[in-house]
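Shared between the two complexes below is subunit A, which pairs with subunit B and subunit C, respectively.
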Partner chain A sequence: MNEPWVKSSGDLVESLVAEVARLGGLAEAQIADCVDAVTRRDVPLAQAVVARDVKLDALQADIERRAIDLIATRQPTGRALRRSVAALKIAMNLERCGDLARNIAKRSLVLSESEPLTPLTRSIERMGRLVAGRLKEVLDAYTAGELDKATGVWVRDEEVDEHYNSLFRELLTYMMGDPRTIAPGAHLLFIAKNLERIGDHATNIAEIIHFEITGDVMSGERPKWDSLQRRSDTLKEEG
Partner chain B sequence: MNEPWVKSSGDLVESLVAEVARLGGLAEAQIADCVDAVTRRDVPLAQAVVARDVKLDALQADIERRAIDLIATRQPTGRALRRSVAALKIAMNLERCGDLARNIAKRSLVLSESEPLTPLTRSIERMGRLVAGRLKEVLDAYTAGELDKATGVWVRDEEVDEHYNSLFRELLTYMMGDPRTIAPGAHLLFIAKNLERIGDHATNIAEIIHFEITGDVMSGERPKWDSLQRRSDTLKEEG
Partner chain C sequence: MAERERPAFAEMVESLPDPVLVVAAQDPDDSAGRRLVFANAAARELLRIQAQGGPLVSAIRHPRVLEAVDESLFGGANGEAAWETGGAQDRFWRVLTRPLETAPDGARLALVVLRDETDSRRNERMRADFLANASHELRTPLASLTGFIETLRGHARDDAVARERFLGVMAAQAARMARLIDDLMSLSRIELNEHIAPEGRLDVVLVVLDVIDALAPLAAERGVKLSPKLVERGVATITGDRDQILQVAQNLIDNAAKYSPAGGVVEIEVKAGLTAEAAIAVSRPGAARLSLLSPDLVGGERFVALKVTDHGPGIAREHLPRLSERFYRVEGQKSGERLGTGLGLAIVKHIINRHRGGLAIESVEGQGTTFTAYLPQL
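Presenting the complex of A and B:
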């Protein structure tokens, strides 16, 4: 194991973390681009997002294979084990973010064929910026190993939910006011939901970072659970 | 390692598989119950589904912890390693099915407060039966180790998508015809999408079983990719 050409377990873990960071960068770009595709009705950009998704899938599969191989052959323990498992799980969450960005890009292709709904796409843009910022923040926390920053993303999970709930109501109001907006409105509803899900993945990643660094599951009420309860109440009002 | 009270690695893998099968049974029950809650407007049943979800989360977390521990300390190779990784990944897919069932149950609570939309809930019921059947089939394939059965679920993925697309159109038609159905219709759109996602998870599980048994990634075109392409075309028609 001391041959210079054989990587140490520590090196393997760190190169895994670097690959996850790279996947994170790709996911961030996909999210920014799919939101731009919606707001600018940019068909080539939407097609580029759809086409690029396979790259993220391949990188996630590679990270998974390497993480499992590392755990099975190097038997890491303690922080090194948690760091390997965290890389595996964060990569899964990022790959899902990529899928959601691809779905948003596909719906933007449909929307580009109907009349623009400018005020609504502006609300989508604001929500897109919010969740993209949340993902950026949690990826900064991951690469810097900053627990406080990760916890910060976790406790502010409900902002995204509140944004989603207000967008949901805004969309329904539009659809009720003008039946011609029902079909594009339905696609915008799913786009809003996909953005909310990206926010959930940022929160999941914050929890994974917390466990990696401390070895403990996050204490206190999960904001996600809270907000789901609240969301259920809001849904009742909406229904 | 030969003490009778120390479990062999093989025993540990098989007890992991049994736990995954148990989680599968719980997920199947949640899906059946949430669809019944929608069609029968059964508030206590919906509340029971929401309350039971924590059980599935806890079981998935336990499976994950045990699978990682097994891989890190017993260093399984070949089929035993693939079987441990498959257990870990199938449990994640089942936990997501549980989340989707919980979301459907929550929306059924909202729907129970507005006028019933009987023909639409009947379409939801049919789609619910279809995806529940798909999940049952793939779990049978898992516990019996039957490759053909798993492949059968994989190749028929598009049926679920076609069902979803027709339900999507049916819902939009209703919403356009009567603005009072827009709010409940939006919840039914999300319920239909959640059922389609459960179908996707059944397909994912089929792929995981294939890899576990053969060591190869499924060959040929992924039906999911195909159907996503086609779905994008369908969405265009809908938009």
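Presenting the complex of A and C:
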């Protein structure tokens, strides 16, 4: 037993967590770069983001394989089992973030062919920073095992929505004012939606961390700052 | 003799102001196997490293930085990468890596040094923003001044009544330009110190009382009542720059008084011993709300909160996210003497960020607005 070349389950779990952190770093860089590609109209950067996405896919597949392998052969229990499952699930969320970043980069390529809409791309930049900040916080919470920080991200989910709604109205005003902005405006709308979904993945990851640390599913109402009813009212007014 | 006085090498690196790390690794394919065998005090603080020997990716996970480290570990070459730490306090780092001699146990070693380039990056961006916005903001009053000068030289030359009126408008425009320049200068001073922690102790209650005393005559002129509800003296103490906290209270209360209808009440509340969540807890049900700034939390901190509530027109939700942006003013508020410079909230936000606090806003259109500034309690 315990031959020196056989890694302990603890080591295996730890290296799984490290790989997830590395995947998180890749996803963060993809998001920062794709937003830069939009705001700076940087075509080579956008192409690089699109090309790099395969790396994330490969790493996610590798994490999945290793996690399943670990669960099957070592049969961990308790916290070790939760950490393995959490790694698996967080990797899936991060890979989706990468896909959304690639999609934003592709749209930025189309946007670079039309006239710049500077105030709108600045709004995208602000929203991108907010979303990237949330993902960073949640990944910091993951690597440090800090429950408070993860809960903080989960609670402040509404900020991203407020930014999205504000940008949505701004875009509508532009597109109604000048039909030539409809095509780039539509792409910007999808970009904003993609950023919002990256924010949702950050919230998902916060929930997974909560489960990993406590063993409980996060329950209770998030403090709702905005009721759905109000939002649909404001949309109707615009229509 | 000089040799005896020389401090130990490890101690010197430990107290270097720049973050310094040493990374060890055996196998290029094992990313979890790259471990931090040394981190000096500055690095431990920046990267929140609790124990030595942990994996590198738990501290830094940016792919370009990891690649630079690998170049030194396994390529024997010097590496370099730019790294931006997001979050509330955005910082830019230049990461330099150097290969070290292989350890006796065969582990490869690399030295990683981080150099703070936040200031130069910030200055670059500030210059660009300033040129774009300030020139636009200054052009409006200037155009009006030039217009009136031309009129006074032309057909209004001998019209005493018109001359008086125009001079009055010109004085107001000149005052507006002066206010704008004052605000710009105070903002740039605050920004220069934003990443230097403030020193000194102060009681937020005393500061708020001073501000209320100073603003009472102005508020009375507008027919607005200031209604304070404060904790006892000596409870709401924080570490901070008194002049700056005074400016925060002044901007928030002055703004609330500005947007209050005649006969309105501005409620000013100071609370202590709150958690971050309690500090931004909903106080107006059904309000649109947004956190304009939230501090990095380590857990267990307590905050002093200053809440300023007016019963003015309120702010529509679509304006909230851009509120603390420089020169942003809500449309439809650009009338009369209420006109501000559009810099007041930006100043508040930067001061609070320097004090590692947070800022939240709640507003109901037609009912009023509540600003909550919260700062770490001593």
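Following the convention adopted for this analysis, the second predicted complex is superposed on the first by the 220 of 239 C-alpha atoms of A that agree within 3 Å, B and C clash if a C-alpha of one lies under 4 Å from a C-alpha of the other, contacts with A are read in each partner's own complex, and residues count from 1 in each chain.
Just so we're on the same page, a contact is a pair of C-beta atoms (placed from the backbone, for glycine too) under 8 Å apart; a residue touches a chain by one contact, two chains touch by 3 or more.
Computed from a predicted model, the values in this text were never measured in an experiment.
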Now for A:149: first (subunit B), second (subunit C), both, or neither, which partner does it touch?
-> second
Is A:107 contacted by the first partner subunit B, the second partner subunit C, both or neither?
-> first
Looking at the overlay, does A:201 come into contact with subunit B only (first), subunit C only (second), both, or neither?
-> neither
Answer with first, second, both or neither: which of subunit B and subunit C does A:210 touch in the superposed model?
-> neither
The shared contact residues of subunit A with subunit B and subunit C are none
Counting only contacts in the complex, subunit C reaches subunit A at residues 30-33, 48, 50, 55, 57-64, 66, 84-88, 276-277, 281-282, 286-291, 294, 297, 299, 317-322
Name, in rising order, each residue of subunit B that touches subunit A in their complex.
-> 50, 68, 71-73, 75-77, 81, 85, 92, 106-107, 109-111, 113-114, 168, 171-172, 175-176, 179, 182-184, 186-187, 189-190, 193, 228, 231-232, 235-236, 238-239
Touching subunit C in the complex: which residues of subunit A?
-> 14-19, 21-22, 24-26, 28-29, 32, 123, 126, 129, 132-133, 136-137, 139-140, 143-144, 146, 148-149, 152, 155-156, 158-159, 162-163, 165-166, 169-170, 223, 225-227, 230, 234
